[in-house]
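See structure below.
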Amino acid sequence: MRAALSGLSSGRSWAVVERALRAIGRMNWLVILTGFFEPVLYLLAMGLGMGGMIGSIPGPDGRPMSYAAYIAPALMASSAMNGALIDSTFNVFFKIRFSKLYETMLSTSLGPADVAIGEIVMALLRGALYALGFLGVMGTMGLVTSWWALAMIPVALLIAFGFAALGMATTSFMRTFQQLDLVFLVMLPMFLLSSTLFPITVFPPVVQWLIMALPLWHGIELMRQLSVGILTPMTFVHVGYFVVLGVVGAIAVTLRLRKLFLR
Amino acid sequence: MKALKPRRFGWWYVAEWRLRGMRSYRWTILLMTLGNPVLYLAAMGIGLGALVRVDVAGVSYLHFVAPALLVSTTVAEGFNEASWPVMSGFRWQKFYLGMSATPLAPVQLAMGESVAVSLRLWVQSFTFWLIGLAFGAFDGLVSILIVPIAVGAAMATHAVVMAYVATIDNDVVMTFMYRMIMMPMFLFAGTFYPLETMPVFLQWIGWISPMWHGSQLARVVAIGLPEPGWLIACHVGFLAVWTIGGLLWARRTFTKRVVV
Amino acid sequence: MAVIEAKDLTKRFGEFTAVDGISFEVAPGESFGLLGPNGAGKSTTMRMIGGTGLRTSGSLSVLGMDPERQGPEVRASLGVVPQSDNLDTELLVRDNLIVYGRYFGLPMREVKAKTETLLEFAQLVEKANAKVDDLSGGMKRRLTIARALINDPSIILLDEPTTGLDPQARHILWDRLFRLKEQGVTLVVTTHFMDEAEQLCDRLVVMDQGRIVAEGSPAALIRQYSTREVTELRFGASRNEALLAELASLAVRAEALPDRVLLYSDDGEALLEEVNRRGLHPLTSLVRRSSLEDVFLRLTGRSLIE
């Protein structure tokens, strides 16, 4: 690890965050804002549109909950995944190949690790903002029934961190934009199948096991439990899953940093 | 004399080039063409359908949602093909600027785009229909009419989006379009539930979306949705106006962009 | 003590060898040039010096450090001007300098003061609040150079500093670089322009296909590999090659290019008279001093800019 890290950092990731904040001040706030609307639109459309046709659905503790309350925590988890994956794959790849932003940063005394950490911190800051906003929307719509719901914000960050580390590690192996499309090909099925909009019990057991192996399912189940304040042994499994994902991902990124940023 | 053939067939040369370009992401296209129908039908038709225990518009939820899913995914791809590739043609890779140095006319660039993309979408939506049959989501061969409807709705979207994208020079706007136009259209334009279940103040999103008009037509042919004749004419008319208007607009915007 | 020391430096991209075992040294305060055609390995060498390109083998020391292991430390004293301006288009002109200075960890107050000085140096004071995209090519280049100075570097790496600029903009830039040189800054310049190399470099190496083919001061290289003067003759595409044998006998050396014949001698005018006396009347003729272009042609058999 020591050898892998040499020459990679000057401990100045904050300068990268500072730059991003300055850039947002200029033009990107629009994009930031729309990113917040994405899960809200899903919640409105599905909650209002489908809610009427579905009625209530059994929650984590078996008690029925409204369809909107059922999907809201799931949307919060998926949106954390979306943001983190897009930032850590497409945006990182684009900045390396086209905008040359990293080339600029790396011609200073910043090291690749500073850039990577700065990017992740920035993604998490944004994620925290979204999570806070979305929780506000949920609260306004009366979809949270427990103080545990406040824990959904740090959990959103944990989920985002896990996916960001995974995404960056994956990006270090990518060479073309076509390969990056794979990210979408993984995100969409995960989003559609991981008990976001309906329980996985509608599928045969084999499919259920497959889905339960995927990270998003753990994120969604965890969020759903917190939204109603039901903690079970599974809660710790879910948290553990993301802790392991984040740590393994971070180690992988560290080892692959040279490949990711230097040629 | 030398310019005679490009004048007549230029649009096809552009289409040929565009289809050739698609080869570089052919695996993605293939995976999406096969994967999307399976995924959406399984998730929405079967998964979500299991929660909807009542009939919708007189049929099961699977039968209700499948025709609209076919239309929506096709329209979404039409939107995709009109956005990043077109912006890149003007801004990053500048293909169009290169072509403008040949006898090709700007309107032929836009036409070629449309032709190539529509060819791709015919294949994509036909495949969706076949997979839908296997899922038991479509009954009877007459439902194949969904395919031309889907391509029509997609091309209406494609034409307008392409024309607009030719005027912008900022990828932030593009991200904005995805999140504030494409996404709401997908969610609010009556794909997953009848538009009427929405409060009236949200229904207009459907009325102005090619996706909704396409989906309604698809439901007419697939499940015999009882739409009055004037409304059917409205759907068809809307899509026709968008397609023709979009192409005329594209002629202007492409010309403006290429001939400075 | 050399500030840059490369020994058997090699870089391969898969099968392709971009830099093939080159060795050189750069002394403090020296203005050192890497000259060669596109693809000779100049930019790759520059990247390795900054520690943003990893070498395949060989050793490299910059200011006594290994840029690969101590990249951030090396770059703290380096100013990098890349081949294409990679300015931050999401930031204003002034913010480009400020943010860049923060990357070096400089305190905000210091950066702000330095930014104003550099805006002046780059003649961009009126453009301080403009968008980067609204600058002309020459202005962007000056901003990129000003940016590279924010950390008071002791070495500046300039990759093709004036490619794509009009003559006036080039001269302004050269003037700025001279001033830096006077302040004792070490310059490492890559270029494929002969006049630029002659203007800027005390010493240079000529690179071709990843190798160093010659080394010395511009004047010494010309003396060693060329004659004092060159006579350029054009006979029309079909005759250049055919007349070569006869022309060669008149000069120290002759070279047929697709469009013209180059005759090397110490007295170009006399040679031209002799050609005319023999009734070989060229369509156009030009007598000039030998340049690095001729050195390159001699060494590689190819023109620098093709």
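In order of appearance the chains are A, B and C, and numbering begins at 1 in each one.
Keep in mind that, in the parts below, a residue touches a chain if its C-beta (ideal position, glycine included) is under 8 Å from a C-beta of that chain, and two chains touch if they have at least 3 such contacts.
Keep in mind that what you see is a predicted model, and the values were worked out from it rather than measured.
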| field | Chain at maximum distance from subunit B, centres defined as averaged CA atoms | value | C
| remark: Judged by C-alpha centres, the chain sitting nearest the middle of the protein is A
| Between subunit A and subunit C, what's the gap in Å when you average each chain's C-alpha atoms? | 46
| message | Can you work out the whole-Å distance between the CA centroids of subunit A and subunit B? | response | 29
| field | Centroid spacing, where centroids are CA-atom means, of subunit B and subunit C in whole angstrom | value | 51
| So which bits of subunit A are touching at least two other chains? | 27-28
| Partner subunit C, residues of subunit A touching it in the complex | 6-10, 12, 15-16, 18-19, 22-23, 26-28, 99-101, 103-111, 114, 258, 261-263
| remark: In the complex, the residues of subunit C that touch subunit A are 47, 50-54, 66-73, 75-76, 78, 80, 82, 84, 86-92, 95, 99-100, 102-105, 148, 151
| request: Would you pull the subunit A residues touching subunit B in the complex into a rising list? | output: 27-28, 30-31, 34-35, 37-38, 41-42, 44-46, 48-50, 52-54, 57, 67, 98, 177-178, 181-182, 185, 188-189, 192-193, 197-198, 202-203
| Which bits of subunit B are touching subunit A when the two form their complex? | 24-25, 27-28, 31-32, 35, 39-40, 42-44, 46-48, 50-52, 54, 56, 61, 92, 172, 175-176, 179-180, 183-184, 187-188, 192-193, 197-199, 202
